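Heads up: the structure comes next, in structure tokens.
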Amino acid sequence: MLDVRGLQKVYNGGARQVEAIRDLTFTLSAGELVCLVGPSGCGKTTLLKCIGGLLTPTSGEVLLQGRRVTGPPPGMAVVFQEYGRSLFPWLRVGENVELPLRQKGLPKARRRELVTEALAAVGLADAESAYPWQLSGGMQQRVAIARAVAFEPEVLLMDEPFAAVDAQTRADLEDLVRALWHKLGVTILFVTHDIDEAVYLGQRVLILSSSPTVVREELTIDLPDTRDQLHTRGDPRFTALRTHVQEQIQAAKRGLPSPSTAGDEEA
Amino acid sequence: MLDVRGLQKVYNGGARQVEAIRDLTFTLSAGELVCLVGPSGCGKTTLLKCIGGLLTPTSGEVLLQGRRVTGPPPGMAVVFQEYGRSLFPWLRVGENVELPLRQKGLPKARRRELVTEALAAVGLADAESAYPWQLSGGMQQRVAIARAVAFEPEVLLMDEPFAAVDAQTRADLEDLVRALWHKLGVTILFVTHDIDEAVYLGQRVLILSSSPTVVREELTIDLPDTRDQLHTRGDPRFTALRTHVQEQIQAAKRGLPSPSTAGDEEA
Amino acid sequence: ACGSSSPSTGTGGTNQVDNVKVGVIPIVDVAPIYLGKEKGFFSSRKLNLTLESGQGGAAIVPGVVSGQFQFGFSNVTSLMIAQTQGVPLKGVANGNASTGKDGEDFGAIVVKGDSPIQSAKDLAGKKVAVNTLKNIGDTSVRASVRKAGGDPSTVEFVEIAFAQMPAALDAGQVDAAWVVEPSLAAVKAAGGRIVASNFVDVAPDLTVALYFTSEKLMADNPDLVKRFQEAMRESLTYADGHPDEVRKILSTYTKIDAATMSTLVLPKWPAEPNRASLDELAKLGQQDGLFTKAPDLDKLLP
Amino acid sequence: MTLTERTSGGGPPAAPASGDGRPGRRRGATAWLGLAGLGTLLAVMEIVPRVGLVSPKYFPPTSRVAQALAGEVTDQAFWVALGDTLKGWALGLLIATVAGVVLGVLIAAVPVLREYTASTIEFLRPIPSVALIPLAVLLFGTDIRSTLLLVVYASFWQVLVQVLYGVQDVDPVADETARSYGLSALARVRYVLWPTALPYVMTGVRLAAAVALVLAITAELVIGAPGLGARIAVAQTSNAVPDMYALVTVTGLLGVLVNLGARAVERRTLAWHQSVRGEVAV
Amino acid sequence: MTRIARKVAAALALPVVLFAIWWLATENSANFYFPSLRVIVSSFGEVWTGDRLATDVLPSVLRLLCGYLAAVVIAVAAGVVIGSSSRVRAFAEPALEFLRAIPPPVLVPIIMLFAGIGDVMKIVVIVFGCVWPILLNTVEGVRAVDGVLLDTARSYGIGGAARLRHLVLRSASPQIFTGMRQALSLGIILMVISEMFAASNGLGFAIVQFQRSFAIPGMWSGILLLGLLGFLLSLVFRLVEGRALSWYHGLRRSQRS
């Protein structure tokens, strides 16, 4: 479904030249839910933008269903890390959610239905007629999520989508994402800094090294498919996995070589 | 030191009128470190802006050292939730950190020293000459933190300052905040969604109800003053406290009355 | 700031040279003053002349009133209008005059070569271009129409600068135009045809323009004014008698090309204004409603 | 300098505007494109009279104008006139810009001032500077100060209004940050308000530069103050059509130069701005 | 109610003071070109009532509105194209700057060659002058569209007309309105200039005519009328702007309540 092959991205900013990503290779099959974790500044956002066709890689390529991505592919939704700036300040919340649907050509009634549903799902049913800048940070972020959810994409890229919401809402939204994923069979790539979240949500977790970035480890989450906040998080396997991820990230941040990919890096 | 008395804030946005805060009363003594938690959209940012003198309360008042706050008081630093927009895009990272110091009238050498130290403390020593928009989300947020740290304020208000950084960096920054607090004796009000963080950092945790907001509970964190990531978080008392906070927030989000403040609300 | 204490006014002492600024329009009509300056008619009378070219009354009259210029050049109808409005102006010397020869004046009503208009009479109901409305142009064109037996009240006047008239005529934007040199030469070169000489139709040897000053300068420094008048008179007479030198001096302050220069019809430059013709012009002006009351020519003329 | 590189809407990757580390080459390409644009315009002006859309007598083709222009540039007086015009223009623009920026920031930063001056500004702005010509002559005659008066009056409003709108565009979060760090009013103007308004000011100055040029020439044309305008007036009244167009061409070229200068300044001062660092790919 | 009263008071305060100063300063004016304000005001009453409103003011205003609206449409359309592509901008900018620097008084004769001497010519002159501030501001506004918003639109496949309508134009609208505000007063100025050539009616024509016939109080009253007209149009403009940019003003105000 989604192939990232030898991806490299170098930012050229005058004097400052940053090799954000050195060499990333991995694959997502259709309908997979994969979480991406890595130290701050390691290039997760950059990677997502490359996959989303918003940024041209310096070398390497991204293939979506075998076709090379050169611009934003249809049927893909992105929730940006800068949620505040990704909402249109001149549109009300409802209109913000509706706009991509309109672009999709859905009939009015269906659009209304999707908008109402999505806003209700993120707990913002009564904010529909507010402007984004009248909302709190967490509410804005939830609007951005609602927009992506309503869009019913085939591929969903989310960049730290729950960073600004409280613990309880976060748990609810995590379940929302999994429910949606089950319902629509959408392929999801989910960036998060919350290790528990990554383990709880994903079928696999991709751990990135610090910049210049390579894949440090690909970890399959062998937890049962039906998860719930109480039992899954209580599962000893869950604890073992989260501890493993945490160790890997700590090592990554300190720049230690990872045993599993040290070889790959040379290749 | 800091008194918040009967604070109420109603936003009047045309047709939409929102009572963000109904009635908040609490006190911070000098040199205290208090964490503030509450459901998304309950008015934490609003409260911080009122304390910072950036927003005029609808009723009630904020007193700082006995004097009523009507504008931004000197010696106060705020780390905004919208970190991206709080950095000046026309200044380089170093200049962004330096600007408030310059305003304070510090000599050049001292300024350089503080800037370098603060950036090193948040792990951005080598980003000094980059523009903010050349940085990742987490890096931008750390710049905003560095700016507040370098300012050496008497009162520090932080609005979800670690929302965009990875778990490991977050832990390091938590320790940085506590170290700074010990070193400078600064009074800190810290908004967070991470319950563990609130319990780990604070001497007290203020739990807010959902909007229209009142103080649901004031919880004293009776953990030893020297905390460290491994042992403190392993402490059974820590677990008990975090569980208590979590329950309160869950209840707050569902709008259940809190036993401890139900009476206060009437008063 | 609008007083007349500008240093250039001079004190009237006979031994010192006075700086004099004259506001003129860079056209054929003012050739005598350029020529007179070159010939030294002004410097010999201790007048150090500076010629400032403006684009018409809008700039020159206020300049003279405020004392920025000591003298100015203007057509007589404008001066009459100014006088009836109470502008404190006074004519000091003749400007220029019509040649008085029908079909060979320096200004004329022209049409395109293939125009059905044959005489001024046919202008009735037509669109005629003049450089400014409610001024000497439309008054004199009406005189031509009237004289040819047409109804002047039906002529529709449009305001177009002389320079644009050949083009407007060519494009059929107007049916006829009152033009003066050098635009007249351009029209003729393009195959245009003269249907009337409107100045000639107003009065024989019509005085068209005057040099003027402010009443204030007249009162403050009569000697200066007198010397200017003498110099002007000499210049006018010289210019009238030396058309070749006039054509030569024209090339110094205009950009008329050589070919046109030789075919140019020059105006006449008599030393004194023709009072009878001005009376006639004043009468026509009043008839056309240019003035609210009759201009007092005795007061206006030198 | 672009740092946010993005792919274009589907076709080949958009030219990463000057972000490929070869700014010199990039600017060279820009210059060539600009010349091509000007060339196209001149070519149209050559063809239009040639094919008879308008008579070449009144709208001479470019080649004929070029001839006249060649005649002009060999004339000493032309250069004197050009110098006069440039002097009036530059001085007037400078005065207008400084006054517009200072007053604009002051008015915009103090809400009371803004409230109380709004109506007066709206009243004075549409008064055409050409209506001030008698006033200018009355005060200064054909002096360069007449030109200055008109130039300053006209271009001042261009800058002022842009500044007023630019100041309004300050990001509330950025401004609050500044306030919370106790930046003084002056420091906030210097570090927050000014950078935000700068793109607007740049546009204002570019607008004002052209308006100032227009007014300098108009004033010279109508009042007769020395300069290119006075030369145009002479050419007009003498029916010297190609010369007139040659001079008009010179004013146009001045406009192009002025804009080049403004763009260069902008590239330096607005390197951080979205408009300079990133390009919208269509 | 009191808020409105306060607004009106604020709007009138400074003009009243200035007029009072003018009145006092010219009370005994002997200067022909600066008649006393008393005379000007009384001539205002005589001149600008009845007939002239229909014969001079109305045609002028109609031409102004036509020209202005045409300029807005042309400038925004061109601005979007030019602002969206650095190549187009590099190509077109010098040529546009060339045209922009040509003063209307010398341009009018050229326009006359193509557009005749009627209303069309005058409207074209107004358009020609009004497009520049709108064009420049639109170009800059389009160039400054937020990168995150652009990415958002692209990733959701919002392209073409929708992108233009919902993103580019809306985002640039604060700056477009700045340009439109500038253009409005420029339009009035150009209305006057266009009526100085080949006109036989209009407000500008009347003012020039007064000036030429030395009816100086009439001329001043015409200038006053121009100011009033500008003020009225700007009031209307502000209403329109207030509606179109309500989100923007709300956003800017939101944190200052």
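So that you can tell them apart, the chains are marked A, B, C, D and E in the order they are listed, and the count of residues begins at 1 in each.
In this text, contacts are C-beta pairs under 8 Å (C-beta built on N, C-alpha and C of every residue); 3 or more make two chains touch, one makes a residue touch a chain.
Which chain is which protein? Per UniProt: A, B = ABC transporter; D, E = Nitrate ABC transporter permease.
No experiment lies behind these values; they were computed from the predicted model shown.
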| item | value |
| --- | --- |
| Required steps from chain A to chain C (each step between touching chains, minimum) | 2 |
| Touch-connected components when chain C is not counted | one piece |
| Chain whose mean Cα position lies farthest from chain B | C |
| Whole-Å gap separating chain B and chain D, where each centre is the average of the chain's CA atoms | 47 |
| Approximate Å spacing (C-alpha centroids) for the pair chain C, chain E | 37 |
| Chain C and chain D: spacing of chain centres that average the CA atoms, whole Å | 38 |
| Chain A residues counted as touching two or more neighbouring chains | 11, 13, 53-54, 71, 82, 85, 131, 134 |
| Multi-partner residues of chain D (at least 2 other chains) | 3-4, 6, 9, 55, 58, 134, 138, 173, 176, 221-222, 236, 273 |
| Residue numbers of chain E (touch at least two other chains) | 33, 109, 113, 146-147, 151, 154, 159, 211, 250-251, 254-255 |
| Contact set on chain E toward chain C in their complex | 31-34, 109, 112-113, 116-117, 197-200, 205, 208-209, 211-216 |
| Chain B to chain A touching residues, read off their complex | 11, 13, 15-16, 18, 37-46, 81-82, 84-85, 129-131, 134-139, 142, 160, 163-170, 193-195, 246, 249-250, 253 |
| Touching residues on chain D, where the partner in the complex is chain B | 3-4, 171, 173-174, 176-177, 179-184, 187, 191-192, 195, 198, 272-273, 277 |
| Chain C-touching residues of chain D, taken from the complex the two chains share | 55, 57-58, 133-134, 137-143, 221-224, 230, 233-240, 243 |
| Contact footprint of chain E on chain A as seen in their complex | 49, 52-54, 71-72, 74, 76-78, 80, 82, 85-86, 88-91, 99-100, 102-104, 131, 133-134, 147, 151 |
